[in-house]
Every structure is written in structure tokens, then in C-alpha cells.
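Shared between the two complexes below is subunit A, which pairs with subunit B and subunit C, respectively.
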Partner chain A sequence: MSEYLRNALDGVTRIRGVRGALVVHADDGMVVADSLMESVRGNAVAALAAGIALRFGNAALSTGVGSPHFLHLQATGGTLIIVPGPTGVLVVVIGDKELNVGLARLEMLRVAEVVR
Partner chain B sequence: MTVTRVLEPWMMEPLERFVSEADARLTLIMTPAGQVLAQYGFTRAVDVMSAAALGAAIASSTQEMAGLLGERNFKALNHQGVRHGIFLAEMENPRGRLLALVVYGPETLAGLVQLFFEELARDLEQACPNVKPTEPVLSADFERELNNSLASLFGR
Partner chain C sequence: MATDIRLLTNQLAQNPDSLVFLELAEALRQRGQLHGAAKVLVSGLTRHPDLADAHDLYARVLVDMGHLRHGYEEWMAAIESDKRHIGARKGLGFLCYRWGDLDGALEHLELALAVDPMDESVVQALRMVREAADRPTATAVEEVPPSVFDGLEGAQRGLLLVDNRGRILGGGMGDGTDDNSEDIAAHVSAGAAEAERATRMLELGAWECMAIEGPGGNLHLSRPTPESLLVAARDRSVPAGRLAMLAAKATNVARAWLEEQSL
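Now for the complex of A and B:
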């Protein structure tokens, strides 16, 4: 993994409550880069997050509101955040329920800038 | 209506689950020799036979390529087009090595197909009943067995 991408992802994973951060190819759901806790299955998170982004993207487009800039799923056991980047990648974060979503989003936007 | 057809009933549930979760358009499960064991989405026998033969040939070619590179084998092969992609991968099963050929569209992703393929492989391994010794296929029986398989796969 490139040093600059690793540094950018480390910026996200340093936030309290983040279990992992990934850069995922939006077209195929494959991992481009990741920084994950051992218990997190990177390929599964990447594929499922890209699947969610695809479906939400299609739904948003069909309702005429444009493509999503930010997806935030809150579940009983944690949080999934997806920020689509400008070059066909997704920045994905999986975190605890207590995760500071605003802070995570800021760092994710930085990662998306790095990938540009 | 698109239906799932299997030669052996234990394959039905894992295959149906895979097709539903991965959003696959067509799926074939076959032996490395191209003998079809289960299929989803095909409506004509001739398409099944062609796809199985081509899939088995691709798998065989990539196996040779892997050998040239000093690899044991390649885990999976993926071709992505604009409207369709194909995913070809092999799995270990108590019945021996099996190949899966999956055709998918833009409604799903290669990563999702690969992810759920791994689950399919696990599910098939668990669902497989005790292995019975396989008998050699004699050329005299081949055509009859092929016709029986196709009849089962197309419900005739």
C-alpha cells in the first residue's frame, strides 16, 4: 500500500471508536487499501459497503436528488459510514456506536482528497 | 420464470441462496471436466453445454498459466464488461473439485459475487452428503448420462 494512503487511513483509524477504514473500488467492491482491526473481514465490508453505495446511488438518482455524498448506517452494534470519492472510490469506515461521526467524516474526506 | 435446477438435491438450497444474495443472472456449477451439476438462469440446454465447455476450458487454461508462474492454481477469474461480467472460480468439495461460472450484471458487484461465492463453497461443503465412490465414465454410457443430466437440469 502507498505510504500516503496508509498515512491518510491512519488518520481515520486514530479516531476513538473506529474499527477499520478502507478505500474500496466502487465499480467492483474490491479493497484498494485498508487499515483494520483483526476481527474485521475487509473483503466482506468492502463488497457489502460498495453494494449499499450502488443501491443507494441508484435509488437517489431515480428520485432525482443526485448522487449521495455521505452514507451513514447506524446499527445496534455499530456504525458504517461511506463517503464516495471523486475518482470512483469509496472511503468506508466501520466503527462502534459511540463513534464521533462528524470527526470521522472530516478525516474520510481527507482520505478521498488523497486518492484524487 | 427463472428456475434453479440441480442434479443432486443437496445443492439446491446453497445455490438458491447464492443466486439471491449475489444477484447473479446465470450460474453453473460443474466439475472441472465440464459436467454440469447445477444451473440457474439458463433456458436452453445448448447454452448450458456451451457455457460449461467454455468455462471448463478457461479454468484449464488458467491452471496451466498458473503452473508456468509457479502457482498451484488461481483462486478466481473475473472479467468485467459494461453490461455483464463473468466470474469463474473453483472450490473444494467432498465430491472433488468443483467449478462455478457466474454471470452477473450491473445490479451487483464483482466483490459481492466473490464474497457470496466463498459462502456458497462453504455451504456446499457442509451440505454434501457422504461421498460415494465414483465409477469411471465409460464412453458407451457417456451420451446417455449426458442426456439424463440435461433432462434433469431442464426438468424434462
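Now for the complex of A and C:
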């Protein structure tokens, strides 16, 4: 992992409520890079996030919303945010329910820029 | 009427293979319990897939719910089983007329009249369609179907209620001529299953909503009940936050409507 990418991911994980940040291949859900709390299973997050991006991406296309540039799944015990990058990767964040989504999004866009 | 429904429900429970489901579904339809009627018919059709009367009744329920395309398919299924099914021919004639296909409407209604030349409703409908066909500028007027979201902003377009299996329960996404609500319903139900799996495996609890932003607008999904999904979509003129508020309102309306349907 490049230093730039490491720094960008660390920028995400420094946000309060973030449990982990990953860069994932959109096609196969494989982890490219990650910065995770010990309890977070990176491979599972990556694969499931890729599945969500694919399924809801199809839904967005069918509604005319187009290829998503931001997906936010809110659950009772946490949140999952996906920002598709420009080169077939996804920047993924898993965090607490109280996570500041706007702030996380800004840092995720920075990661996506580094991956470009 | 409530007693009839209870009685018919008991009869069906005692003999699930019987055709009493038709009577029960019709009773529910007449009471406006369209969701319940649809459930009974879907179940009945799994046991009697070639029963034209069941397809016909299911089509009428779907059309009552505003799902014209799906209704059309069910009426087509009915005439596949019985080409002389007068109810299906009348229904298809009605839909063709609504969609402005006057030739199609005439064809179905003339076939219906051939089956029963004394059917006054067919005679009336044929007269109306012929008059419309004779007027050079005549256009069939698309009526707005009733919706679970009546009264809400975008009730007919951009609000869709589906069940977990991708079956449309109310609302719609298209404008009647270009309605891809069924495709959308299939995609969102697949997405919801994926979200369910992800939140379970990642121990995030139950998923509550999903917000998606794209170049063409915003999409918001929520769950009025664990068995249903609400889809709200708007173009970029409606910010994601405002869409979330609209979706929250529509979710409450849908929840109340679903509760009413299950009574």
C-alpha cells in the first residue's frame, strides 16, 4: 500500500465512529487496502459492500438515478458507506450509527482521489 | 361480509386445493383489501396455474392497484388457458383503450362479443371504442390509477411500495406509457436481500434505510415493515435530505396502509 493511500485511509479512520475503511475491487469484492479496527472482518466487509454496490447500482440505473457515486446503508447498530472510485474500486467505510456521514464522505472522496 | 371472509378463509384452510380461493379473493377485492386478495390469488395460482378465472381475477386486482402492465400479463395468461375467456377479453380491451391502442381494443372486444353477443357491457364498450376510433383526433385518456400514496407529493410517479419478493403493492415509477416499476421492484428487492445479509453478517442490526446519489438524481429506500420496501426517487432538483423527509412521510403512510390491508 502506498504511503499516500495509507495516509488517506488513516484520515478516514481518525473520524469518530469509524470502525474501518477499505479500498475494494468492485468486480470481485477483494480488498486492495484497508485500515480496520481489530474486530472488523475486512474480507467480509469488502465482499458484502461489493454485493450491495452491485445490487443497488442496478436499482439506481433502473430508476434513472444513474451509476451511483454515493451509497449509505443505515442500520440499527451501525452504518456502511460506499463511494465508488473512478477506476473500478470502491471506498468503503463501516462505522457506528452516530458516525458523521458528511465528514466521512469527504475523507472517502480523498481516498478515491488517491486511488485514481 | 366479514363473516363471509372468515368462513371462506376457514374453508380454504380446510381444503387448500379447492377453488374457494376465487370466492375469497373476490370478497376481499370488493372490500378494497387488494393486497389480501392478491396474496390469496398468488397462492391459488401456484396450485392452479392454468385456471383462466384465477388469472382474470388477479388481473382485475392488479389493475385496481394501478399495476396495469402486470394486469395485462395476467389477462394474457388467462386467454392462453382459455382463448374465449370473456372477462380477460374485456379486460384487455379496456387496457388497450386506456393505452390508446384502439385497434387492439376493438379486436379484444369483438372477440368478447363473439363469445357472448348478449353481454351489454361489451356492447357498450365496443360502441365507445368505435366512436373514439371514428374521431380523427380522438385519444384515449389515461386515468390516474388509485395509489396508496394519494395526497403525497409525487404519489403517482417516484414512489413505489414493493414486498420483499419484488411484487408491487402500490405506487409507481413511470408515467404509464414508460413504466418500468416492475424492473425497479425486482432490483430493489434483490438489493434489500443483499443489505439484509450484509447487516446480519457484519452485526450491524436491522437495516433501516439506504440512500443513493447518482448523476441523475437521488434514491431512498426504507422499510415500512420488515416485509416491505418503499422506494422514493427524484431528480437532482430534490436534495437527498428533502427526499429522505418525503420518504419518511411516505413510509408512515405505507405502514398505515399495509396495516389496514392486513386487518
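Note that in this section the second predicted complex is superposed on the first by the 116 of 116 C-alpha atoms of A that agree within 3 Å, B and C clash if a C-alpha of one lies under 4 Å from a C-alpha of the other, contacts with A are read in each partner's own complex, and residues count from 1 in each chain.
Criterion: contacts are C-beta pairs under 8 Å (C-beta built on N, C-alpha and C of every residue); 3 or more make two chains touch, one makes a residue touch a chain.
These figures come from a predicted structure and were not determined experimentally.
Peer 1: Quick check on the subunit A-based superposition: subunit B and subunit C, clash or fit?
Peer 2: fit
Peer 1: After lining up the shared chain so the two structures overlap, which partner does A:Ala46 touch, if you call subunit B first and subunit C second: first, second, both or neither?
Peer 2: Only subunit B is touched by A:Ala46; subunit C is not.
Peer 1: Counting residues of subunit A in contact, which comes out ahead: subunit B or subunit C?
Peer 2: C
Peer 1: According to the stated criteria, A:Val115 is in contact with first (subunit B), second (subunit C), both, or neither; which is it?
Peer 2: Once the two structures are laid over each other on A, A:Val115 reaches no partner at all.
Peer 1: If you stack the two complexes on chain A, which partner ends up touching A:Ala104: first (subunit B), second (subunit C), both, or neither?
Peer 2: A:Ala104 sits against neither subunit B nor subunit C.
Peer 1: Return first, second, both or neither, reflecting whether A:Leu80 touches subunit B, subunit C, both chains, or no partner chain.
Peer 2: second
Peer 1: Once the shared chain is lined up, is A:Gly29 touching subunit B (first), subunit C (second), both, or neither of them?
Peer 2: Touch partner of A:Gly29: subunit B, not subunit C.
Peer 1: Using only CA atoms and the superposition described at the top, report the least gap between subunit B and subunit C in Å.
Peer 2: Subunit B and subunit C, overlaid via chain A, are at closest 8 Å apart by C-alpha.
Peer 1: With the touch criterion stated at the top, can you tell me which subunit A residues are shared between the subunit B interface and the subunit C interface?
Peer 2: Shared contact residues on subunit A (touching subunit B in one complex, subunit C in the other): 44, 48, 51, 54.
Peer 1: Where on subunit A does subunit B make contact in their complex?
Peer 2: Those in contact with subunit B are residues 24-25, 27-30, 43-44, 46-48, 50-51, 54.
Peer 1: Which residues of subunit A touch subunit C in the complex?
Peer 2: Listed in rising order, the residues of subunit A that touch subunit C are 41, 44-45, 48-49, 51-52, 54-56, 58-60, 62-80, 94.
Peer 1: Considering the complex alone, what residue numbers of subunit B touch subunit A?
Peer 2: Counting only subunit B, the residues touching subunit A are 78, 80, 107-112, 114-115.
Peer 1: Within their complex, state which residues of subunit C touch subunit A.
Peer 2: These residues of subunit C touch subunit A: 173, 180, 183-184, 187-188, 190-191, 193-195, 197-199, 201-219, 221, 231, 233, 235.
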